[in-house]
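The two complexes that follow have chain A in common; it is paired with chain B in the first and with chain C in the second.
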Partner chain A sequence: MLQLIALRVAMSVVSLFLAAAFAFSLVHLSPTDPVVLALGDGATAQQKLALARELGLDQPILMQLWNWGTRLLGGDLGQSIFAHKPVLDMIGEAMPVTVFLLAGASVLAVVIGVLIGSFAGLRPGSWADRLLNTGVSVALATPSFWLALLLGFLFAVKLRLVPVAGYTPFVDDPVAWAVGLILPCFALSVHGAAVISRHMRGAVIDVMDSAYITAARARGTPARLIARRYMLKNALVPIVPVIGIQVAVLLAISPVIEKVFVLPGLGTLMVNAVVTSDFPLLQGAILVIATILIVVNFFVDVALGVLDPRIRPQ
Partner chain B sequence: MSLATDRVENDVGEPVAARPSDSAHSFAAILRRPLTIVCLAGTVLLLAVGLFAPLLAPYDPNDANVLHRLQGPSALYWLGTDALGRDTLSRLLYGTTTAVETSFEAVGLAILLGVPIGLVIGYFGGWWDRVVMRITDIAQSIPSLIFAFAVIAILGRGTGQTAIAVAIVFGIILLRIARGLVLRERELLYVDAARVGGLSTPHILFREILPNVVGPLIVESALMLGSAIMLVTMLSFLGLGLDAETPDWGSMLDDARKYQMVNPFMTLPPGLAIMFAVLLFNFSGDTLRDALMGRRRAVRRQPREARTAAASTVKPAVDDNTVLIADHLTVGYATDSGRLFDVLSDVSIHLRRGETVGLVGESGSGKSTTGMAMIGLLPPVARRSGQVWLGDCDLMAAPTEVVARKRGSDIAMVFQDPVGAFSPVHTIGQQIIEPLQTHRGLSREEATRRAVELLDMVGIPDAAKRINDYPHQFSGGMAQRATIAMALSCEPKVLIADEPTSALDVTVQAQVLKLIERLSSDTDTAVLLITHDLGVVAEACDRVVVMYAGEIVEEGRVADILRRPRHPYTQALLKATPRNEAPSGRLPTIPGAVPPPWEWPSGCRFAPRCGFATERCRAAKIHLVDGVRCIRADELQLALEP
Partner chain C sequence: MTIVMKAAATAAVKATLAAGALAIAFATAAQARPQGTLNYGTVIQLNNWNPLVKPNQTYTGIVYEGLVRAAPDGYTLQPSLATQWKLSADKLELTLRSGVVFHDGTPFNAEAVKKNIEWIKASGTQWAVGFAPVSNIEIKDDTHLTLHLSEPSPTLLQRLASRGAFMVSPAAIEKKDWSTASGTGPWTYDAAASQLGTKEVFRLFDRYWNKDNVGVESIVVHVLQDPSVALNALISGYVQVTELDPSQFPAATAQGLKTTGTPVLVQHILFLDRRNTFADENVRKAICSAVDMDAVVKAGYNGQATAVSQKMRKGLPGYNPELTGYKHDIEAAKKYMAAAGNPKISFTLPMFANNHTAVLLMAQQMKQIGIDAKPQLMTTGQYFSFYQTDKYPMQVNSSSTEDIGPLDYYQFRFSPKGIGNPYRVDVPELDALAKKALQAESEQDQNKGWQAVMKYIQDHALDCGFHEVFTSWAYDPKKIAHVPTTVLRASALRYDEVKLLK
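== the complex of A and B ==
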């Protein structure tokens, strides 16, 4: 187990390095001068030169890479062009919002997806299965941000059960924090829940058809125990990587949910960075997103190792 | 890039062996499904609306009329107006054009971008392949929408840029798919032949290989259209997508969000439009996949177990030593077209305490079905009749829970594949302990202690330690010992062993057989030993039942039958059994094979393969008389030449 974890950490470092390389290359891939993009066409030559110097763009590219890399290792992500604040501080404020949103939605997606998928997979072809299948197809075609708008209108505007929008930090008011996150988390989770339930259904059907389930039946294991113990753990083995991918998908969708509920998260930060051509901020945000996903993948691999003894190194 | 990886195969049907008239899953068959027709018609309608929006729309989509702003549906504006007083219906219709155009543009561009590169790097491999794959790895480590952010940040905002951003996202996925397909394809003979034939590389790549991989690529591309609409509308909703004056569903929803308090109706039309468009595109993609690749099988409803009417359940009178009676077992299945066929016809077997009965026959003779019927584990779709008496309980008629309680405690089973009989993610110990807890009500500690004893008894060295091992850490022989330990843990009255030694090494086979023999005689367990090997029968059994094509053809004491078979099939089996003193030369076999159940003849089922068959044999059903199902049994002299 330790060996597996060590291997994963090493691979994570490589991934992080690659993500950093991508983030760095962003500025240099632009066909338009990023300085012009940021300042607009009307800027004077002096302003442009000043910004280029501030971003270090006046130096040779290898020098830039070196400077950028060394500052990164020191935890410095640079200054936002637009907000004139350290990128690290801005991300530090936004990250908890996105992480809580993502964590809540992921947990919901896994719980709902596994439950629905198991229920349908244990009775394939039944009317309940057909109904759930149709529901899943519809859920997959439903845009998350539209669902968020509808839910927000129903629960916040009409029923007044939750606040319409905004974010209360946990330390200010834990209850308001939790209540405010319910709708965003649910709206975000629906897509993931649909995908996970589809995969889970297939996995359950496969597992229930396997020799060891027949063997368990033959030794008189009660149906409930078969489902709870043997079916669940075996069916989860192929589902865990799917969960990993879905967390990434939910992270990709999170900016639209943040916009609907006016949550000051990474998505909002990135959209603003794109609108204002704030490259240091965008680079930093992409790096943080990549880091979050690397951490998620690390947990996916550890979870797989825990679930499936066959992939543990002997 | 994960958005497109969301697409899930919903092709999980019940894996059923090929049955007659079951193969018609052609394009025509798929097209006949009513849902398919509705959805394809919907897709055509969607594309038509996209094409003819200018003709259909009542107003110009950008025609602002501030006097009529934020109105609900009315006769003048069927779907109301937006904040500038523009007609929602017109914007929705023009938005269809935008959605169809951008999604086709983006996916088309993705094909042009991804497929050629994928083909080339896959075909040549080497250094370029590695570099390109590493680049795509990086791109794929960042979620699709955020990758699109990066592309838009680089290229700037606008309709064309959005299409390019989405195209890059999907292009990378198509690149990897195309590469994977070529990697597989280039190992095939026709590519070698083309190379030897001196065809140029571009010719081989685009004229020979491409046509062979184009099917899956088209399907993947079609399945991306729905995701493309999602991505584009999300970008527009965030204000990063299309130009402001282009009417599109994403920015319409953004407007609706701003004015939700004033005019909540605005939220509905664009959202529903996206939902239906994505639903239709996804469904059309699935249909295309089914048609081109023939993958999905319609999931049929599984009926509840069809239990026999309880009317005739009267236990046949037998002596006290008989522990299990299978009486007139018949099992059948229905084809898709509703035709019924039997796989087991009127099989009656009884087992006495402490006795070992061999059940022999080739594959397809119905031996395993008999075993599964006896322990009540026939698939739910099977149509069954007859009775299986275990003590005073008819397993065929008793409620499922009652049967489940008997299994493992009164009747147990050992399977052919011992490693597969254990859940791979649970320890051997967990699975042996479980029946002791359920059936015997032992505590965890007691059950563990007993499980170690059992493993020790079946000859697994270091049992206390190995009980915590997982199935993959066991060899086949050791795993079979463990399944035997598990089967006998609650001292059942009956053990059904289905080919318990067939998957094992020859050296281990004899040991496992001996083990079954020893344990069953210790506990007085009746054993039904299912095998295709008469050598096994000779070694381990007291009585033998020979089956052919779902029927018992001969039964009797092992010593009698092996020496003086009365049915030609038994004789043929005996001749085909290799013996130690077998002379050099080819192993004798029975010519032909058991026909599939729907081709069983109405007369003697063995007649087509029988050297002694006459017209009379084929004329009518043959009955089991005096332990043999052959009308010529008395005239034939089938004793084996020594």
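== the complex of A and C ==
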């Protein structure tokens, strides 16, 4: 197991390095000139050059990459061109929002997906299975943006059960924090829950057809015990990588949900950075999001190793 | 007496009346203390507090103030940090309000004004050119100073009333720290309570000079960029007023909400490359005749725009009632093209989210006369990286600086060194007309001079396709009686005049 963890850590470090280089290259391919945007229409060539020098944008691209990389190793992500604040501070402000949103949505997606998938997989072909399958298909086909708007309209505008938008920090008011995140987390989780439930259903059907389940049944083991002791653990093995991928998908959808519910998270920060061509901020945001994905994948790989000893390195 | 002196005299009388009205208001003590929180929705995000690089005054208008202020009509001047002024051909004398302090505690005085004007002049932004005629600033005492002018600057006071002349604490200018705001305005920025990119919070400034005439105690500006989200926020009471895309107006009124709009910019077709691509006057006239502005404003801006005949709004100097603009006439356009020898013209026409439908329509209409305008959709950042550069021969837009007055329009768009003239095209006849208008003695002659400038621009199709674009708002009439706005000030309320209903 330790060997597996060491291997995955090494792979994560390489991935992180590649992600950093990719973030830098992607940002610098943009045709936008942040100097012009920062100074406005009438800046003189001298003023533009002075700001470009201040930001290090007058140097060759490889030198810029080197400078950024060396600062990065020292924990310095630079300063936002427009906000004039350290990128690390800005990301530090936004990160808890996205982490809570992502964590809440992931837990909901896994719980709902596993429950629905197991329930349907234990009753293949029944009316309940068909009904749930239809629901899952509808959930998969529904755009998250539209669903979020719809949920907002129903629960916030019509029923007034939750706030329509905004974020209350946990330290300010824990109850308002939780209530405010219910709808965004649920809206974000729906797509993931649908995917997980579909995979879970298939896995449950496969497991229930296996010889050891037939043997357990022949021994007279109660159905509930079979489901709990034999079915769940074995059916979860192929689901864990799916969960890992779904967390990545949820992270990709999260800027849309943040926009609909006006949450000051990483997605909002990144979209703003794209719109304003705030290179340091954009690089920092991409890098942090990549890091979150790499960390999630690391834990998925380790979890898989725990669940299935066959995949551990020999 | 020159036009400017007459204007100054009128303004002084208005200032006295305003001061009198203010005194009565104080004496009667009828005005209640500021109360309640205005929750305002906008599509604009705050990135920093440097007022010189902002495309609007959505946020800066809350914390900063200018020496003078535009009335709701957009051009009548009202006293603000200056209580009196006298403008002549060679100087502007200002009397400042006493007892005013910046949010950081720095006193507002003549020295602070000098520091601000010198900073704007050296900023290299679009506002710098407006203060170029200020050759020297003479301080008499804390509340009196004179701006000496190297050339007449009849719209200097209008420039002082723009968002490019907000007074900033000299300490902030010195530090170049734009992460927070230090103005003299009614509210201070509460960075701790604000949330990056989604919510900005402002609290009443205890030492504000006119606190008793401020309507609300605090302001929370919410960034609501999606129209459906903005509408939901308004219906649910999350905000009392919000900028709203006109496409949502029917849904808003169906919920008992009210809508309103204010013209904020006079946009037009910018023939930037009059050196090559649009050097031939007949080609420009052909385009002006081919574009159907009535159709463009109807389809391109959901009705929240109006086609107008010229750049200057009615009431401003230079407005020429004889000008009708170019009428949509494809046959006439084809004749102009034939007169130009039917040249093959092909170019990339940039557009961004705010104007893409209008620009697409214009491109289609140009194709009818054989002009191949290739629309290219850009992000807002990309678009404004290239706007006012010599990369694209044509744009459809405008800058706030041009709307200040005819002199500003001419200087920005047509003078050889104008920021809005990136191809550096000379129009000597227009320069001569502008010079004549500037040197005219009487108000009537000055106005006639600027009218001649506008006529020249139309006759030679230097600009055309003028259309006023609106900012649109929706509000809850049970919570707010009306939305106070200023013409030609985009995406911003007259925040101090907002009063919440109980």
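The working rule: the second predicted complex is superposed on the first by the 292 of 314 C-alpha atoms of A that agree within 3 Å, B and C clash if a C-alpha of one lies under 4 Å from a C-alpha of the other, contacts with A are read in each partner's own complex, and residues count from 1 in each chain.
Just so it is clear, a residue touches a chain if its C-beta (ideal position, glycine included) is under 8 Å from a C-beta of that chain, and two chains touch if they have at least 3 such contacts.
Please read all numbers here as calculations on a predicted model, not as lab measurements.
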Partner chain in contact with A:Q59 - chain B first, chain C second, else both or neither: neither
Chain B or chain C, by number of chain A residues touched: B
First, second, both or neither for A:A38, with chain B first and chain C second: second
Chain B versus chain C as contact partner of A:L263, first or second or both or neither: second
Partner chain(s) touched by A:T291 [first = chain B, second = chain C, both, neither]: neither
First (chain B), second (chain C), both or neither touched by A:P255: first
Touched partner set for A:F22, first chain B, second chain C, both or neither: first
Touched partner set for A:F153, first chain B, second chain C, both or neither: both
Touched partner set for A:R198, first chain B, second chain C, both or neither: first
Touching partner for A:S12 - first (chain B), second (chain C), both, neither: neither
Residues of chain A at both interfaces, chain B in one complex, chain C in the other: 30-32, 37, 149, 152-153, 157, 259-260, 274-275, 277
Interfacial residue positions of chain A with respect to chain B in the complex: 15, 18-19, 21-22, 26, 29-32, 37, 123-126, 129, 133, 137-138, 140-143, 145-146, 149-150, 152-153, 157, 191, 195, 198-199, 201-202, 205-206, 209-223, 225, 229-230, 233-234, 237, 245-246, 248-249, 251-253, 255-256, 259-260, 270-271, 273-275, 277, 279, 282, 286, 289-290, 293-294, 307-310
Chain C residues touching chain A - in the complex, by the definition given at the top: 45, 47-48, 52-53, 124-126, 128-129, 177-179, 195-199, 222-226, 228-229, 232-233, 235-236, 238, 379-382, 384-385, 387-389, 399, 419-420
Residues on chain B engaged by chain A in the complex (per definition of touch): 2-3, 5-6, 8-10, 12-15, 134, 137-139, 141-146, 149-150, 152-156, 226, 230, 233-234, 237-240, 253, 256-257, 260-261, 264, 267, 270-271, 274-276, 278-279, 282-283, 299-302, 375, 377, 400-401, 404-409, 412-413, 415, 417, 420-426, 431, 434-435, 438-439, 470, 472, 483, 486-487
Chain C partner contacts - residues on chain A that touch it in the complex: 30-34, 36-44, 47, 82-85, 90, 93-94, 149, 152-153, 156-157, 160, 163-167, 259-260, 262-264, 268-269, 272, 274-278
